[in-house]
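Alright, structures below, take your time with them.
Common to both upcoming complexes is subunit A, partnered first by subunit B, then by subunit C.
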Partner chain A sequence: MENRRLFLFKGFMWVLAGLAAAVAVLRFALGLGVSTALSDTTPWGLWIGFDVMGGVALAAGGFVMAAVVHVFHQERYHAAARPAILTAFLGYGAVAVGLLFDLGLPWNIWHPIIFWNPRSPLFEVAWCVMLYLTVLALEIAPVILVKTPFQKLHGLLSRLALPIMILGIMLSTLHQSSLGSLLLIMPFRVHPLWYSHLLPELFFVSAICLGLSMVMLESSVTSWLYKREPEMEMLSGLARLASFALAFYFLFKMVDLAIQHKLGLIFDGSWPSSLFIIEMLLSAVIPAVLFAIPAVRRSSKALWFLAACSVGGFVLDRINASGLSQVWATRNFYFPAWTEFAISLGIVSACVLVFLFIEEHFPVDPHALEQTEAERKKQESALPAFAPFAQVWLGEGWRKSARVYSFLFVLAMAFGLTVAPKTEPVLQMPAKRAVGADILRMGPGPRYVYFDHKKHQDEAGGDKSCCICHHLHQKGDVGTPCVVCHQKMFLPTNIFNHEAHVAALNGKASCALCHGEAEPVKVAPLAKKCSECHEKDFMAQNPAVKVFDSKWAPSYKDAMHKMCIPCHEEKAKDPKVNQPNLGRCGACHDSGTATEKAYLAKFPDSSKPGGVK
Partner chain B sequence: MIENPCILTDVTKCIGCEQCVAACKKINGLPEAGAPPRPGATPDGLSADRWTTVIRKPDNHFVRKQCRHCLQPACVSVCPVGALQKTPEGPVIYDKSICMGCRYCMLGCPYGIPHYQWDSANPSVRKCILCYPSLKSGKIDKPACVTACPTQATIFGAREEMLQEAKRRLKAEPSKYIQKVWGETEVGGTSVLYIADISLDFLAWNGGKQLTDEPLPTLTWAALKPVPFEFIGMGAVMGSIYWIIERRKKLMAEKARENASEEGPNGK
Partner chain C sequence: MNTAFYLARGPFLYLAFAVLILGALRQWGLTIAEVIRAYRVAGDQKIPWQWMFKKSLGWIVPVNALRGARVLFTIASAVFHVGMLLVPLFLAGHIALVKKGIGLAWPALPAAAADGLTIAALAGLGVILLYRLLDKAARFLSTAQDYALLALCIVAFVSGYFVAHPAQNPLPFNLMYLFHLLSAELILIVLPFSKLCHALLFPSTRIVWELGWHFVPGGGDKVRVALGKAGEPV
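So, the complex of A and B:
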C-alpha cells in the first residue's frame, strides 16, 4: 500500500457503495414509499434533482471539452479532454442507474424507444441521453480497444472520431437545454426567480459553465489523489475561459429577470430569495470575479476551491429549480430520507471507482498511466510481505486491497440492511376534540362532525359508559386514559392481552382452549372469537350496538361509523322517534344547522386566523 | 357514449355527504379505507385510493374535487411514453402497461390530480377516468359519482349543454352565484365545470395565479418545435468552425513552409 490516501479514499467509496446496495434491495422489494420521503405533493426529489438534473449537468464537461479541443483546436487542453469524456460517459451511466431507482416501474425504462410522445420534453431527454450514451461509448472505446486485439475496429473508430465528437456536441446541446424545458409546463410550481421562458437557454449556458468548472475540479482531485503535480497551465487557461462564461451566464440571468420585471424578487427576504442569492454567489459571482484575477489563477488551491464552489452552486441551481423552489407553491417541505442520500452517494462512488479503475489500466491520460504502471511493477517485484504477528502471507498488493474493499462493502451492506426502514412513514394526524366535546374535529383541515357527546353519554349510562363506544371489553376500566392504548387515534388498537390469558388459563396446556387441536399454526386470525367466551362481558347495556368480537379496539372513525350508523338506522325506522333522516350521512355530517354554527363560533380553530365557521 | 362528456358541479347544492366518493370507490374497486396518508400527502384528501373528494370550506361550502379532464391536458402532453391519453370522446385515461413511473404527469398537472401508489413495489399513477370503460361499453350512462349524488349537485352531459345550463343558472340567480364558470376557459378549458358562491381558485396550485386561458402544453411546444433546426444548426456551426480553423492552420503551415523554402536559397 504505497499510496495510503488513495487506499483510504477507495475504501470509503466501497463503504458508500455497500450502503447503497443495501438500500437498493429494500427499494426494489418494498417500493418507493419505504425508501424515500417523496409524496404526492413532491413527486420528484433528490434522485431527480441531484442524480438526473445534476448528473447530466455535471457530465457537461464531456461536450464542452470535446468542443474546445477538437472543434476549436485548443490543443493545450488535450490532457483534460479524455478524462472529461470518460467522466461524461460514467456520469450518464449514473443518470441511467439513478433513473432505475427513481422510476416507479423501472423495468419499463426502455419504453420511450417504442412508445413515442414527441410533445414531451422528457421524451426528448430520454432519446438524447440514450443516443449520447452510445456516442460517448464510441468516443471512449478507442482508449479501451487499443489494449485489445480488435485493432481494426480501433482504427475505424479513431478515424470517425471527429464526426462522433460533433454528433455528441449536437445531442448535448439538445438535452442540456431540454432539462430546462421540462420545467416550462409548471409556472404554477417553479418559483418566478427560476421560471422563465428562456429556461432551456439558461440551462444550456449554465451547463457549459459547469462543464468547465467540473473539468478543473476533476483534474485537481485526481492529481491530489495520485500525488501528482497539478497541471497548472491548463487549469489557469480553463479558469480564464470559465470567468468569461460565468460572467456571461450571470448577465444573461440578470437581463432575463429584468425583462420579466422580477429583479425586485431577489431581495424580498423570502426563503426562495435567499436560496437564489446563495446560488448565484456560489455558482457565478464569486468564481467569475476571482477567476478573472491572474494571481488567483496561479494558485492551485484557489482554483480547486473555486471550481468546487462553482460546481456546488450549479448543482444547487438544478436542485432549486426542480425541487426546492417549488416549496413556494406546494407548501410541503420535502427533505430527502437518508436512504435517498445513500443511493445518490452510492451511485457516485461506484462511478468514481470505475473511473479510477479505467484511469489506472487504460491510457486515458497517458502520462498518468505510465506512473501507475511503474508503481504496479514496483509492487509486483517487491518481496512478499508477511503479517507482523501471524506470519501469514498477505498476498500481493492488489489482492490484499481487494480483500479489504470487499470486506468493507459487505460490512456496509449488512449495516444498511439492518438499519434501513422497512415500513412506510405515516402522517401523524392528531384527532382533536373541541372543548365541550360537541364538535369532533379530526385530521388536517376543517373536517368535523356534529356530535352531541353529552346526550349520547347520558343515554348510554352516564359517567361510566365510555367503554360502550370507546372500549369494548375492559369492563369497569374507566381509569385508563384513552391515549394509553390509542397512540394514533385513526388506527385500531390491539386490546387482547395474550400473556394474561395464558396465565389465567393454566399455562401452556391451555393453548387448545382457544386455538383448537387441529389448527396447524397457532395464529390470532384462526383462534376462537372473544365473544365465544366473553359474551356476557360485552356491552350488554346497549342493545343497539352489535356485539364486537374483534381483538382490536376500534379507531375513532370506526368507533363512530361502525357503531353510530347501525343504531341511527334502526332509530330512523322507529315511528316513536319520528326522525326518518337519522340514518343518513347528513344527520351528522350535514352542516348548516343553527346549533352547529353556534358551537363552531364558540370554538375557533386555533390553527387558522379566521377560524372554522 | 356522448361526445365531450362533461360534469357540472354546483357548489351551492352540495351537502358534503361523500356518496360520490363511496360510489367512485365501488365502481373502480378501490379499498374503502386506503393506505394511511404519508407525510406530504395532498391536503385536499385525494389519494391513489380516493379519486374524488369533498373539500370542506368555511360557511358550509363543500367543493368536490376530481380530475378536470382538460381539453388540452398537460399530463398527456408531458407523458414521455403516452401512458396518459386523451380519448377521442374526451376523458383522460391511463394505461399502466405503457407507464414507466416517471411521475412527470403529477408535476405537470396544475390541479395536482394524479396520485401515486407509494406503498406498492409495482405502483400506478391513479386518478379519475370519468368511468370511461363503463361508459364506453354502455354499462352505465352516467359516471358513478353523478348517479350517487342525492341532491343533483353534480350533473352530467355534453360540454356545450353543461355550459349552457351553468350560464342559465348564473343568470337565473345572479345574486346567489359568482358570475363565473370555473373550467370554461382556464388552461384552454376543462370538462369538469363548476359554479359556486365562493371562489374556487384554491383548486389549482398556488391559487391558480399563474394560470391563463392559454393551454399549458403550448408553453413547452414553443421550446420543442425548433429542436430539429437547433440540432442541425449546431452541427453545421460546429462543422464549419472546425473546417475554418483547420483550413487556416493548414494555410499558415503552408505559408511557413513557403517562407522557409524562399529564405532557404537566399540565405545560401
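So, the complex of A and C:
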C-alpha cells in the first residue's frame, strides 16, 4: 500500500463505524434507556447537539461556498465549491440518520410530511431538512451521473444547476436560522448567555463562519491524506474572509449580550460562564485574531490548526445551546454515555468514508481524481500479497482494502456488541411503609381518578385483602405501590438483591441454600425459585396480576384498567350492589364525585397545579 | 480466577459468537463477490454443476481416498471431523446451556455416543498431529498456525471430556472448565479468519477450483502484454 497514512486513517474510520454499528443494533433492539444517558428531563443530549445541530452547522460550507462562487463570482474558490457541497450533502445525510437514533419512535419520522402543524418550529425544521437534502442531492447528482449511463439526466441536471444552487442557498439560510428559532421557544431552559431573541440571526451568522472554517479544514485534511500540495492561495483567501466573518460574529454576540445587560454573566465564574468563555475563545476570538495576521495565513499548518479550533468551538456552541446550557435549568446532571459518543463518531466516520470514496471515484475535484486514478492503475499491476494468518491471497488494490477494512469493521462491531450495555442497571429501592392514604389521587391530571382506597379495602375484607390488587411486597412493607419497583414499566424489573441475601444467610457458607451442592455453576436460572422461600410474599389473587410470567410490566393504564374494570363489571351485574353504571368509564373518570369532594376537603390546595398529592 | 471465570462465561462467550457470526457473514460476502468476479472473467461460462455437486459429496465421504497412499490419515481425519461437528452441536450439556440462554433446544446425542465420539476424535487428532510431525512433506508445509489450531482442538476436547466426567478430573473443576471455555471460544473467534474457515467455505471450494480451469488459456500472458511487461517473470 503506497499511501500508508490514508490506509491507516481509513482503517481507523472503519473501526469507529464498526463500533457505531454495534451500538446501533442495541439502540434499535433495546431502546434509548439502555443505550444513552438521556432522561425525560434531559431528552436532548449529544446526539441532538452534535449530530443534528452540529451536523447542520458543519454542512454550512455548502451554501457559503455556493454563494461565494456562483453568486459573488469569486472564481478562485471554484475548486472548493464541489467538495463543500458534497460535505453539505453528507452532513445533512448524517443529520437524518442521527435523528433516527434520537427519535423515540423513529418509524414516525415521515409524519411532518402528512400531519401539518404550521405553528411548530420543528415542523419548519423538518421541512427545511427534507427540502434541502433533496436540493443537495440534485446539486451533487451531476458529479455522480457523469460516470453512469444516465447521460440525459446528467445533461438536464447540469442545465438546471444554477436555479437549484440558488434554491439551495435560500433553503439553507432558512434552515440554519430555524434551528435557532427552535431554541426560542424555551426561554427558561436555555441559559441566558445563549438565549437571545436574535438566536436565529446568531445561528445564521455562526453558520457562515463555521462553513468557511469547515471548507478550510476539509481541504487541508484531504490534501494531507492524499499527500498533495495544499492550495495555499485559496486557503489564505478563505482565512481572510473568515477573520472578517468571525470578528463580525464576535461583535454581534457581544453587542447582543450588552443590550440585554448580560455581559456580567460571562465572568460570574459559574460552570456555564466557563463553557461560554471556552467556546468564544475557540470559535471566534483566537481564529479571528490569528487569521488576520498575514504570516499566519501563509502557513498551512497554522490554518489547519485554527480551522479545526474554530470548527470545534462552533460545534461546542451547538452542543451548549441545545443541551449543556439547559442543565443549568433542569439541574439534572448529564454526561453522554460512551455509546452516544460511539454513534456520533461512527456517523462522522461513515460520512468521511463516503466522502473519500466519492472523491476517489467521481470528478468532485477533477485534478485529484486524475491523481488517484493513476495510483489505482499502478496498484492493479502490483504483485499479489498474502494474508499472513489466513494464508489467502489478498488480491490487489481495492480487493485488499475490502478484506482488511471489513476485518477491522467486523472485529470492532463484535467488540462493541460485547461491551455495550444490554440492560439498564436495576434500581435498588430501600424498603419503606406504604404511602397510601384513605383517598388516592391517580393519573397525570388535570383530570384525575380519585380512588377511595379505604372503601375498597373495607369492602374487599380489610387488612387481609391487600393481595387482591398488590402482588409482591417489599421487605418490611405491605401493599407496596407499583412505582416502587416498576420505575419504568417498559423495562425488565428485578428486585432480587444478591448481596443482601448472602449477608442475611450467613455469608459464603450459604451458597448451597439456594444453588444446591451438585450444581457446578452458580447461576440464577439454576438456583432455587424465590417462591420456595417467599411463598407468603407472592399473594396475587387477582387474575389480572401475573407475577414473573413476562419480562415487562403492563403500562400503568393497562394495569389499572385490567384490575378495576373486570371487578367493577361483575359488581354492576350484582342486584344486591344495585349500581348498574359501575362498569362504565364515568364510574371512575368523572369530576365532582363524592370521593373527589372528600379528597379536596382534606387537601384544599391540591386542585391547583403544583398542589399536594 | 473468579474474574477470569466470569469473563469467560459472560462477555468472552458473547464476543466469540459475535465474531463468529459477523466474521462468517463477511467471509461469505467476500467469497461470493470473488466467485462472481471470477465467473465473469472466465472464458468458458458453462459450469458442470451436477458433476461438481457429486465431487463435493465425494470429498465429504472420502471412500475413494481409502485406496490412496494415506489410508490411516484419511480415516483419522474423517473420524475427527465427524466428532468435531457432532459433539459440540449435539452434546446434551451444550443444548441445555443454549436452552437456558435463548430458549432453543434440539435432540441430543446419548451420553455414551458423545463420549465415544470425543475419544475417537481425540485419537484422530493424535494421528493427524503425528502425521504432521513425521511425514517429511507435511512437516515442510506446516506452519505455526497448523500446530496451534491442532493444540487448541486437543485442549478443547480433553477439557470437555473431564468437565463431563468430574470424577476422573485431575484438576480443580473450575480450572478445567475455564480451559474448556477459553479453548472453545478461541476456536470460534479464529474460525472465520484462519484456515478453519474451510468450515464456512466448503460449499464454495469446488466452484472456485472449477472456475480456475475455465480461465482463458494464456490469459496471464495477455495481461502482461497489456501492462507492457511481456517476458518478465510473474
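Keep in mind that, in the parts below, the second predicted complex is superposed on the first by the 413 of 613 C-alpha atoms of A that agree within 3 Å, B and C clash if a C-alpha of one lies under 4 Å from a C-alpha of the other, contacts with A are read in each partner's own complex, and residues count from 1 in each chain.
As a convention for this text, a contact is a pair of C-beta atoms (placed from the backbone, for glycine too) under 8 Å apart; a residue touches a chain by one contact, two chains touch by 3 or more.
Values in this document were obtained by computation on a predicted structure and should not be read as measured data.
In the superposition on chain A, A:Pro580 makes contact with neither subunit B nor subunit C.
When the two complexes are overlaid on their common chain A, residue A:Ala414 makes contact with subunit C while staying clear of subunit B. Applying the stated contact rule after C-alpha superposition, one finds that A:Leu162 touches subunit B and leaves subunit C untouched. Within the superposed three-chain model, A:Ser406 lies in touch with subunit C and out of touch with subunit B [touch as defined at top]. When the shared chain is aligned, no partner comes close enough to touch A:Gly516: not subunit B, not subunit C.
A count of residues in subunit A touched by subunit B and by subunit C gives the higher number to B. Overlaid on A, the two complexes show subunit B and subunit C touching no common residue of subunit A. Against subunit A, the residues of subunit C that register as touching in their complex are 9, 11-12, 14-15, 18-19, 22-23, 25-26, 29-30, 33-34, 100, 143, 145, 166, 173, 177, 192-195, 197, 227, 229. Within the complex, the subunit A residues that touch subunit B are 28-33, 37-44, 67, 70-73, 102-106, 108-109, 111-112, 115-126, 162, 166-167, 169-171, 173-174, 177-178, 180-182, 184-189, 197, 199-200, 328-330, 332, 334, 424-427, 429, 444-448, 490-491, 584-586, 589-592, 610, 612-613. Residue ranges on subunit B touching subunit A, taken from their complex, read 15-19, 35-43, 45-47, 55-60, 74, 77-83, 96, 98-104, 106-108, 110, 112, 115-125, 204-206, 208-211, 216-217, 219-224, 227, 230-231, 234-235, 238-239, 241-242, 245-246, 249.
Residues 381, 389-391, 395, 399, 402-403, 406-407, 409-411, 413-415, 417-419, 520-521, 523, 525-526 of subunit A touch subunit C in their complex.
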